[in-house]
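Before anything else, here's the structure in question.
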Amino acid sequence: MLALPAVLFTATLFLLPVLVLLSEGFRVDDAWSLQGYADFISKPLNQTVFFRTLKLGFLVAGVSAVIGYATAFSIFHLPSKHRGRIFGLVVLPLMISPVARTYAWIVILGRTGIVNDAIVGLGLSDTPIRLLFTETAVFLGLLQLFMPLMIISLISAMENLPNDAVAAARVLGANWLQVFLKVILPLTKEGLVIGGTLVFTGSLTAYITPAILGGAKVLMLETLLYQRVNVANDFVSAGIIATILITMSFGSNLLFKRIATART
Amino acid sequence: MSESFVSLKNLTLAYGDTVAVSQLSLNIRKGELITLLGPSGCGKTTTMRAIAGLLSPRSGSIEIDGTDVTKVPANKRGVGLVFQSYALFPHLSTFENVAFGLRLRKVSNGEIKKRVEQSLDTVELGELANRKPSELSGGQQQRLSLARSLVLEPKVMLLDEPLSNLDARLRLDMRSELQRLQRNSGITMVFVTHDQGEALALADRVVLMKDGLIEQMGTPTELYNHPSTVFAADFMGFENIFEVREGALIGRDGSKISGYNAPSGSLAWRPGVVSLGSGPFHGTVAGVSFAGEMWEYVITSPLGRITASTPAGNPPYPIGATLAFDLPEQFGHQIKGAG
Amino acid sequence: MGKWTTFLIIGLTLTFLIGPFFIIIAAGLSAGENLAFPPEGLSLKWYWAVFEVESFRESFALSMFLAVFGTLSALVLGVPAAYALSRYRLPFAETVKTIVAAPIIVPGIIVGLGLLRYLVIPLNFTVSMALFMAHTALVIPYAVRVVTASLENLRSDMEEAAILLGCTRFGAFVKVVLPNIRGGVLAAFILGFVTSFNQVPVSLFLSGPGVRTLPIDMLAYMEITYDPSVAALSALLAIMSVGIIFLAEKFLGFSRYV
């Protein structure tokens, strides 16, 4: 009974409109049809955007995992009084407006930004080169936006390591590399998977970063959806993109749950 | 029993589909200290929660002081409960914890001050009235929890394993403290525990429960000396129990040893009455340990596992030694029914 | 692993994560007319200019309103739900959890579009009303999660004790439960506030004439100008968030709850 208001509120305001929107992808000229999907898939732009979104998602998740792991491991080895503070600095960006966070990259990568100043100043190029509105810019923006999620997941996994596991492995004669490969990595796998899912789905469904740093040149699924609705009033495509986005984010969440519970 | 103060009639209690207590009837006299004793899952805590009103019975009724309270909600029953975890309110001071129930009853401030102070003094916490529960030791928290219930002068006081979170020494102190409180206030108490020693030491009457039923009920001495079932005997420290049939003792291996004249049923021996060194049986010492006033033995024999003890003055039999022993019939306690 | 390697790795990552904020603060300090780093001379004029922009003032007020009242409504809906989930064995607990968590999993842009097209337009809701409802729903999952965690740390026998001392169930909640989960509720409010205030995708389609949240307004503004005012505003927002989190951490130990 007590949970009812929250459930009803969410269901009518969130789920119902979303489900209707998803169904639009299956309607063409007021009739149920898969024609919309066929048309959508046949357009090269849509294919490019789809694969670009997927590629950036994997890339951001993968690079976050590598850099995030090194960072989390380093933070974990700090004396505990510093650990809390550094951890706070990692979490802090998450609380700051993503628009503000992303806008910083315009200052860095713009024509008169710090990178181009360096390039021109060092004589590597006579004129500023285009860094904004490239996949690289979007990639950097997403990486900065979502890497904290990876680091947080990994550190909490490391903090859950059995207290004496590392010490026991050392006493049994393992060197640091062996400790890492045989004890720490297997025991933090779950954190890696959770972090990876968060970063991956975050990147797939990001709007602000591709909108500011990619613009019309580097469309991703969310910016494409916005464009289809605002420019072309095309709700069939909107429904299809929405279906793809939801399928992918629910799918990776399910997959993560399976991987996380598969460990014995 | 005409003088019954709390009476449970045919009480059946269940959580969902799991029946925890079935058809339990029990009469408690005014001013009596009763312990509900039994292993975990026997239904003792469930019974207590039903008396408190935290669980409504599937069937049956509960009467307190002549009134049927089966349908009376927990906050109007006038029953006090001391929780195993104490369940103190962490955001309130010691004083306010005790005053909590009085404030709900709209007692005047002056009266509250008087009664809270008096009741804190009874449990020797008068000096600590301004502390928060987290600043009290385990024993003090326990006493605060008692004071919080007692100040409302409940008709019945329920205690759910209240001593189990204390260390051994403190537990003994609190036992006598509880007895003193109960004698002085004359309050009716129901004390739930799985500790046989605690139950026997405290209670006027012990109710031994098993699988949601009353196994045996009686004074501590009755239960200790005359357990009526194999389960009760086992719980009361008769560690060697064997079936007797047609004049013969039946070993665990099925062997029949004649010469026992008891009627069919079981015979039970405490470790102290098993005589070592001579007798018709043979076994091997599997373990011996020093227990202050005696040596305690575990002996493996064709009959089964035997526990025995001898006074510590004698030198012990070493582990691995073969020895003869006897289970003298005259010291065996007779129980109807096989184990 | 050597001490210096550790410092180097942490230093590089933090530079990547936090460095841009210093750049943006500096860029806002420019005395020139164009966005550049290093800034062309130093001045506070762009920071003042932010307050002169009418639309920023309006959208800031709207975002504040949504963040405060949306989060409060989310708590009104979310706290009872959290209580039910942690204290009772609900018949469809998993389903309830999934539905209540949906606003986090479903991409915001889809929710915003769905609301606009199937609720606001057909039912003639105002955009502000829709924004308010969307922001409420958006914060519910955070409210439920943080408050549930606080409740699970609070033993339920404390409520039973209060009831046996004479409280009603509701009375026990008000007198015993609420005072002990105050920290969690406050943390949920702060988290919800920050989430709602920074939210873009849900509000993207839910904008009308004069009705825009601050982040949406910033996105629109940066498309037409290239002066340092957006950098200055971004810097101010970042400083505001840091301030809130700093205070929350200091007085509440905020990070325990998140």
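The chains carry the letters A, B and C, assigned in the order they are written, with residues numbered from 1 in each.
As a working rule, a residue touches a chain if its C-beta (ideal position, glycine included) is under 8 Å from a C-beta of that chain, and two chains touch if they have at least 3 such contacts.
Everything numeric in this text was worked out from a predicted model, so none of it was measured.
By number of C-beta pairs in contact, the leading pair of chains is A-C. Averaging the CA coordinates per chain and comparing them to the mean over all protein CA atoms picks out C as nearest.
Subunit B and subunit C, compared by their mean Cα positions, are separated by 54 Å. Once the centre of each chain is set as its mean CA position, subunit A and subunit B turn out to be 58 Å apart.
Rounded to a whole number, the gap between the C-alpha centres of subunit A and subunit C is 18 angstrom. Shown for subunit B are the residues that touch two or more other chains, of which there are none. Those residues of subunit A that touch subunit C in the shared complex are 1-3, 5-7, 9-11, 13-18, 20-21, 67, 70-71, 73-75, 77-78, 84, 86-93, 95-101, 103-108, 110, 112-114, 117, 143-144, 147-148, 151, 176, 205, 207-208, 211-212, 222, 225-226, 229, 235, 238, 242, 245-246, 249-250, 253. In the complex of the two chains, the subunit C residues touching subunit B come out as 155, 157-158, 160-168, 171, 175-176, 179-180. On the subunit B side of its complex with subunit C, the touching residues are 52-54, 74-77, 79-81, 83, 85, 87-91, 100-101, 104-105, 148-149, 152.
Those residues of subunit C lying in contact with subunit A across their complex are 1, 5-7, 9-10, 13-14, 16-18, 20-21, 23-24, 27, 34-38, 77-78, 80-81, 83-85, 88, 90, 96, 99-100, 102-103, 105-111, 113-115, 117-119, 133-134, 136-137, 140, 144, 194, 197-198, 200-201, 204-205, 215, 218-219, 222, 230-231, 233-235, 237-238, 241-242, 244-245, 249, 255, 258.
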